[in-house]
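Each of the next two complexes has subunit A plus one more chain, namely subunit B in the first and subunit C in the second.
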Partner chain A sequence: MEGIILLRDILLIYGLFAIYYVMTVNALYFAVLAFSFKNIMNIFRRSAYSKYNTLSGSELVPAVSLLVPAYNEEVTVIENVKCLLTLNYPNYEVIVINDGSKDDTLGVLVKEFELEKMANPEMRNSIDCQAITGVYHNPKYPHLFVIDKPNGGKADSLNAGINLSHYPLISSIDADSLLEKDALIRMARQYMENPEETVAIGGDVRIANGCLIENGQVKDFSLPNKMWPMFQAIEYLKAFLGGRIGWSSINGLIIVSGAFGLFRKDYVIAVGGYRGGYPGEDMNIIIKLHRYMLENKLRYRIAFCPEAVCWTQAPDTYHILSNQRKRWGRGNLKNMIENYDMAFNPKYKVMGLLTMPYNIIFEALNPYFKLTGLLALAGYVALDMTQWKILVVFGLINFLSGYLFSIGALLLEELAFKRFTKISDLFKMLFYGAFKFFGYSQLGTLWRIQGHIQYLQNNNSWGAMTRQSWKEKSETPSSA
Partner chain B sequence: MFSHVTVAIYFVYVCLGLIGLGIALLFYMKIKHLKMLKMKEHYRLKHQDYFKFIQSHLHENSELPVPPGKLAPLERRVIQDKLAELIEQFKGELRNRLVELCERAGFVKDEMDQLESLFFGRRVEAAYRLGNMRAHEAVPRLLQMLRKQKYSPLTIILGRAIAKAAKQEDQLKEMLTLMLRHGKPIHNLAADVLLETDLDSSKLLLQFLEDGNPDFVKVALVAMWGQAVPEVIPALDKLVGAEEKDVRAEAVKLYLSSNPVLKDETIKQLMSDNNWEVRAAIAKSLGSLHAAGSIPLLRNAMRDENWWVRNNSAESLAKLGETGFEILCETALRGSGVERETALFHIEKVMSEGADHHAVDQMVSFNKKRLLYDRYFGVTERKPVRKVAAVGGDYSA
Partner chain C sequence: MPNTATLQTGIQENLYQHIEDWVKAAKQKVCGVLFLYSANGPAHLEAQVRGILESQPDLSFEVWSNEEGILAVIMPGLTLDAVHFEGLLLKQRLQETLPDLDPRITLASFPEQGEPTESVLKQMAESAKRSVTGDIHIFSKEEVKAARSRILIVDNDATIREFLQIRLQMQGYETYEAEDGLSALEMIEKLKPDMVLTELNLYGIDGLPYINHIQNMNVSKSPKIVVLTEQKVEQTISQCFQSGVEDYITKPFSPVELDARIRRCFN
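After this line comes the complex of A and B, so read on.
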C-alpha cells in the first residue's frame, strides 16, 4: 500500500511539474507574442505608408541574386521562374540550381527559355560544393542562369548558386513558392534602412493552397479547402506573425525560412556557406551567422519582414506532411546538438541566454515533457479516480493557451494585413485553430519524436515530396 | 496540491477570458473593416464623375471645383486619396493645381489638425498624407516630429513626407541632417528620399557635393548615380582623392561615368587603389574609354584578388580590339588559376556574341578576333575551349 502511495505521489509531482512546464512555455509564447504586438503597428505603418514605385525602378537599390534550388520540380518550376523574372525590382538575377532531379526539371527549363550550355561558366568557388555539370543561359534572358549538378541536397545547391552569383545580396527561394511582386523590394527597403548591420532578413511564408493563381501570381486569396493545408495555414500564421515578429524585435530570431530569405553574401561566405548533408540548413545558417557576428563582436541584426510575402504549396496528404515534419524534427535536433555550447552562454547575448535555451528546453524537448506529464497524470488518476479533475486541467491548459496564441496571431493579421476578406474565413480560421488541438497537435508531437528517432538512427533521407502544378491548384478553388 | 491545481485553474480562467475577448475583438475589427471597404467603394462610385471631371479639366485655366455637397469623413478620405494618387501621377503645373485643390477642399487643414492628435499613429498617417499633398505649411511641424523621432522605419516615412512638401532648400538640408544624425549608413535610401523633392535637385546636389559633411557628400554622390554633369567635375576632381574610401569609390564611379580623359598616372594610381570598388570601376571604364595604353595594367588586374576587378578587366580587354583580345587568349593559354578562368569565360562570351553582329565594322572586328582565336586554340571546327577548374577561392561579395 505504501508503495502505491509513493508511486502516486511521484506521479503527481511529475504531473504538476509538467503542468508548470506547459504554463511556463505558454507564458514565454505570450511574452514573444507581446513583443509582436508591440511592433505590429510600426510594421503596418512601414508597409502602408511606403511607396515602392520609385524605389523599384531606382539604381539606388542593391542588386540581388535569387537562388532557387530545384529537385524534381518539373511541374511548378516554369511558373515559378516566370514569376521571379517579373518582380518589381530594378537589378537582380535568377539562378535556378537543378539538384540532380530525377524528373525533367532541367529539360523543361531548357525548352521553355531556350537555354544553351555555357562553355566556360565562371564559378567563383567561394564555398565548397559538388562539382557542377553545367550552367545554362540564354542572352535573351540575361538575368536567368540554370546550374545543373549531381544531387547533393538543398544546402549544396545553395552553395553552388552562391558560387555563380554576381551580386552582394543573395535570396534563397524555394522552387515551389511564388513571390509577391513587391516582396523583394519590401525586403530590400528594410535592408537599406540599416545596411551595415543587417545580415539576414526573413520573409513571411503563406499557404497558397486554395488561392487562385494566374501567371505566377496569387490573384485571389482564399483559405485552403483541404484539412491538412488548413491546419498548416494556422500554424504558419502563428509561427510567422505571432513568433518571428517578436523574436526579431529582440534580435533573437533563430530561423529565416528557407522558402524566402535575404542574406548578405559576404557574411554567408564568411561562415562557410550552408551546411550540407542534413535538413535544417535554414536554421543552421542563421545560428552560424549569430555565432560569427557575436564572436567577432560585430553589430548586427537578423530581421523579419512580414510584409514581404512568399506563397508556398503546403503538403496536402498525411504521408508528405509527416515526412516534412519528421525532417524538421531531425534538422532541429541536429542544430541544437551541434550548437549546445551557445545555450546559457552570456557571450552569445540574447541568442545564448534566451533563444537557444528556449529552443532546447521548450521546443526540442517539448514533446517529451508533455507526453510524460500526460502519462504521469493519467497514471495518478488511474490510482485515484477522484482526482480526475487534474487531468482535465492539464488538457485545458494545453488547449486554451494554444488556442489563445492562435487568436493572438489572428489579431496581428487583422491589425496589420487584413488579407482575409470574408467573415467565413474568420470562422474557418477560428474553427481550425481549435480543431487542430484534437488530433493534429498530437500528431505533430509524434512526428517530432519520430524525427528524433530517425536522427538517432542516422536516417538522413529528405523523404517523399510531390508537387502539383500551380495551374491545377488554381482550378481547385474556382471549381469548388 | 490543492494550491497547485488552483494556480492552474486560474490560468485556465485567464485564458478563457482572453479568448472570449480576442474573438469579440476579431469580429468587431473584421466587421468594421468590411463595412469600411464597402462604404469606400460606394463613395468611389458616387464621386466617379467628379474624378473624371477633375482629370478632364486639369489642363484648363479655370479653377478646379472642390468636391460637391456635404461630405462624410470617410467620403472626404476617399476623395483625398484619389487626389493624392493624381498628384503622384502628374508633375509641374498640373500637380500644383491639384495641390491647390486639396488646400481649398480643406484636406490639408484636416491633416494639419491630425498632426496635433494625441495618438502617435494618427500623427504619422497625417504626416504621410501631408507629404502626398505637398503641403509645405506642414514642413516645420514635420521637421519637429523628425527631430523627436528615434531611428526607425518611421524616420524614412517622415523624411519622405518632408522631401515631398518642402519648398526651401534649407528644409531639405535639415531633413537630411536629422535623418543621418543616427550614424546609420543609409545614404542610398536618403538619396532616394531626397530625389522626391519638387525643387531643383541638381543644384542642391552640387551644394552637397561641396559640403563639409561627408554624409551629405555621399548622399549627393549616390543620388547623381551615373549622371555626372560637367558642373560637378571640379568637385569630383577633389573627391577622387578623398581619404574616406566610400566617398572615393563613389566619386571615382561618378567621375568615370562622364567619360573623362585620364592621364596614365591617374589610371595607374586608381588601378592600385586599396579599395576594390575603385579598382573595379576604373577597370570597367578603361574598355569604354578605349584606353589601349592601359592593356598591361588590365592584364595584371586579371590576377586581382577581387572577382569584380578581374571580371571588369577582362571585359575591358575584350573591348580593346585585337590587341586586348589577344592578351585574353594568351592568358587563357599560358596563365593559370583564376586569371585563366576569367579569360576563358570572356573569350567564350566574345565568340558566342560574335554571330549577332550585323554592322560591317563589327563583323570585320569579330572576324579578326576569330582568326586570333583559331590561332591560339586550333583552326578546326569551333569547340569551346577546355574547361578548367578554378584554383583557390574568392571571398569577395
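After this line comes the complex of A and C, so read on.
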C-alpha cells in the first residue's frame, strides 16, 4: 500500500514537472517564432530591393571558394559541378574533393573536363588533414579544381579543400544539393553588410522532390508526391523559417546546414577546421566558432540568409530517412556532450544561457521526456488519477500549439517568399502539418533514441544514402 | 478576277515577302525597287503614282502598298541610275500635283546593291519611313549587308531579349533569341548566325568554356561574338578578349553605344 502511495507522489510530481516542461518548450518555440516574424519583413524587403544582378558582376564582391566533398557521386557529380560553375557570382572557384570514392567519381570528372594532374599544386597546411594524392585542373576551366585523396570522411575532405582554397571566404556545399543561381550572391550581400563581424552565414535548404529541374534550374516548383519527403518539407520549413530566422536574430544559431553555408576562412582555420570522425560536423563548427569568438571577446554574428536557397533531394524511403535521422541524433548528442560546459555558463552569453540549454534539454533529451511521459500516462490511467477529459484537453492543447507553429512557419513563407504557386500545395502543407503529429513525430522520437543507442555502441558509420540524377528526377516527376 | 481581293490583302500583310518572291519569279537580270512613304499622303496617292509612271513610254512596273502606308514600286530591268532618275521624276511630278505632299523615297537596284531578301526590303521601307530629309535615299551596299546579318541574342532575362530584339530589328538585322547557353549552342549550329550577342551568366554552361565552344564549333564561318554582360571583373574581361571576342560591353549599357559597336563589328 505504501508503495502505491509513493508511486502516486512520484507520478504527481512528474506530472507537474511535465506540464512546466511542455509549457516552457512551447513558450520558447513561440518566442523564437515571434523573433522570426519581427524580422521577416526586413528579409522580404532586402531580397526584393537588392540589385543582385549588378552585384553579381561587381569587382567589389569578395571571392569565394566553394568546397564540394564528393564520395561515390559518379552519377550526379558532372551535372552538379556544371551547375556550380554557372552561378551568378563575379569571382569564385569550385573545389571538388574526391574522398576516396569507390566508384569512378574522379574518372568521370577528369574525362568530362579534360583535367590534368597539376605538377605542383600550392597546398597550404593551415589545417591538419590526410595527405592528398593529387590536384587536377584544366586551364580551360580556370575556376575548377579537383582534389583526390584517400577516404577520410566529410570533415577531412573539407579541411583538405580549405588547404587548397585561394580565397578568403569558403562555402561548403553538399554534392547532392543544387544551388540557385543567385544563392551565393545573396549570401555575399549579407556578408558585405558587416564583413568585420560576420563569421558564418547559413542558407535556406528546401526539398526538391517533386520539382521540375532542367539545366540546373528549378523550372516548376511543386511539393513532393510521396509521403516521406512531404513530412520533411514541413519540417524544413518549420526549422528554417520558423526557427533559424528567430535564433539568428538573437545570435543564438547553433547550426548552419552542411548543405549550404558560407564561412570566413580565417576563423575556420583559427578554430582548427572541421572535426573528423563523427557526423554533425556542421553543428560542431558553429559551436566552435561561438566558443572561439566569445572566449576571445570578439564581436561577431552568425547569420542566416533565408533568401539564399539550396535545393536538396530528401530521402524518400523509410530506410534511408531513418538512417539519416539516427545519424543526426548521434551527431547532435556527441556535440552536446563535447560542449556541455557551455550550458548555463554566463560567459557564453546567449549561447550559454539559451541556445545550449535549449538544445540539451529540449532537443537532445526530448525523446526521454516523451517516453517517460507516455509511461506516466499509463500510470495515471492505471492508478485512476486522471479523467479521459483532461487527457483529451491536454492532448488537444499540445497538438494545437504544435500545429500553430507549423501554420506560423507557412505564414512566414507566404509573407516573404511566396514559393507556393498552387493553392492545392498550400492545402497539402496544412494537411500534412496536422497529419505529421499522428505517427511521424513519434517516429522522429524513436529515431533519435536509436541514434543515441548507436552513439553508446560507438557506431560511427555514415549509413546508407543513395543518389539519383537530377535529370532522371525531372523526367519522371511523378515518381519523385 | 475573284482572287484579286484576297491576293491584295495577302500582299498587304506580307509585302516584303511578296516582293522577294516576285523578283525571284520574274528572273530579270536587273531589278529596281523604290519605296515611297508620306506621312500625310492622300488616299489616291497610289493611283497618282500609277498615273505618273504610266505616262512614261516603255516602262514596265508594279505598284503595291501595305497598311502602314508604304508604297512599293518595282521596276524590272532598271539599273541604279535609271531607278534614281525615275525616283527624281516621281518626286517632282508628285509635288507638282500635290504641293502639300512630303514624300520620302528610298531606292536601290538589285543585284547591283546585293540580294533583295525580305529583311533588306523591310529595312529599305523602314529607312524611307524614318528619313528626316526630303532627299532621295539610295540604299547602300553596307546597309544591305547589315540588313542581311543575323544576330543571335542570348540572355536569361526576357525583358532584355525583347528590348534588344526590337531595337536590332529596327536597324534591319535579322534576330533570333536563346534563353540559356545550351540552347544557344544548338541554335548557332543550326542557324549559323553572323553574330552572337550574349550574356556570360547563363544557365547550362559556364561563360568562358561557352565562348571557347562557339569558336571551336564545326561551322564554316564561326560567328562574331559580342559579350553584353553584368560581369565587370577585369580578369574575366581580359580572358574573353584573349579567347577572341569582338567586343565586351557591360550592363547597364547605352543602346546608342551598343548600336555603334555592333555596326563596327560588321564593317
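As a working rule, the second predicted complex is superposed on the first by the 460 of 480 C-alpha atoms of A that agree within 3 Å, B and C clash if a C-alpha of one lies under 4 Å from a C-alpha of the other, contacts with A are read in each partner's own complex, and residues count from 1 in each chain.
By our rule, contacts are C-beta pairs under 8 Å (C-beta built on N, C-alpha and C of every residue); 3 or more make two chains touch, one makes a residue touch a chain.
The model shown is predicted, which means the values in this text are computed figures rather than measured ones.
Q: Putting subunit B and subunit C on the same copy of subunit A, do they fit or clash?
A: fit
Q: If you stack the two complexes on chain A, which partner ends up touching A:59: first (subunit B), second (subunit C), both, or neither?
A: both
Q: Considering only touches as defined above, state whether A:140 meets subunit B (first), subunit C (second), both or neither.
A: After superposing on A, A:140 lies in contact with subunit C but is clear of subunit B.
Q: Contacts for A:88 in the overlay, against subunit B (first) and subunit C (second): which applies, first, second, both or neither?
A: In the superposition, A:88 touches subunit C alone.
Q: In this superposed model, does subunit C or subunit B come into contact with more residues of subunit A?
A: Answer, by number of touched residues of subunit A: B.
Q: After the superposition on A, what does A:215 contact: first (subunit B), second (subunit C), both or neither?
A: Touch status of A:215: second partner only.
Q: Per the contact definition in the header, classify A:335: touching subunit B only (first), subunit C only (second), both, or neither.
A: After superposing on A, A:335 lies clear of both subunit B and subunit C.
Q: Which of the two partners, first being subunit B and second being subunit C, lies in contact with A:198: first, second, both, or neither?
A: neither
Q: Given the touch rule stated above, what does A:159 touch, subunit B (first), subunit C (second), both, or neither?
A: After superposing on A, A:159 lies clear of both subunit B and subunit C.
Q: Applying the touch criterion given at the start, work out whether A:181 contacts subunit B, subunit C, both or neither, answering first, second, both or neither.
A: In the superposition, A:181 contacts subunit C only.
Q: Taking the superposition as given, does A:389 touch the first partner, subunit B, the second, subunit C, both, or neither?
A: In the superposed model, A:389 contacts subunit B only, not subunit C.
Q: From the overlay on chain A, compute the angle at subunit A's CA centre subtended by subunit B and subunit C, rounding to the nearest 10 degrees.
A: After superposition on chain A, the angle is 40 degrees.
Q: Rounded to whole Å, what minimum CA distance do you find between subunit B and subunit C in the overlaid structures?
A: Minimum C-alpha separation, subunit B to subunit C: 5 Å.
Q: Shared contact residues on subunit A, subunit B side and subunit C side combined as an intersection?
A: Residues common to the subunit A contacts of subunit C and of subunit B are 53-54, 58-59, listed in rising order.
Q: Note which residues of subunit A are touching subunit C in the complex, please.
A: Answer in residue numbers: 53-54, 56-59, 82, 85-86, 88, 90-91, 140-143, 181, 215-217.
Q: In their shared complex, at which residues does subunit A touch subunit B?
A: Its residues touching subunit B are 12, 16, 19-20, 23, 41-42, 45-46, 49-51, 53-55, 58-62, 118-127, 131, 139, 168, 189-190, 192-196, 264-266, 269-270, 389-390, 393-394, 396-397, 400-401, 403-404, 407-408, 410-411, 414-415, 418, 420-421, 423, 426, 430.
Q: Under the definition above, what is the set of subunit B residues touching subunit A in their complex?
A: Contacts found on subunit B: 1, 4-5, 7-9, 11-12, 15-16, 18-19, 22-23, 25-27, 29-31, 33-34, 37, 88, 121, 124-125, 128, 152-154, 156-157, 160, 184-186, 188-189, 191-192, 195-196, 222-223, 225-226, 307, 311, 341-342, 344-345, 347-348, 352-353, 356, 384-385, 387, 389-390, 392-397.
Q: Which residues, counting only subunit C, touch subunit A once they are in their complex?
A: Of all residues in subunit C, those touching subunit A are 180-182, 201-206, 208-209, 212, 229-236, 239, 250-252.
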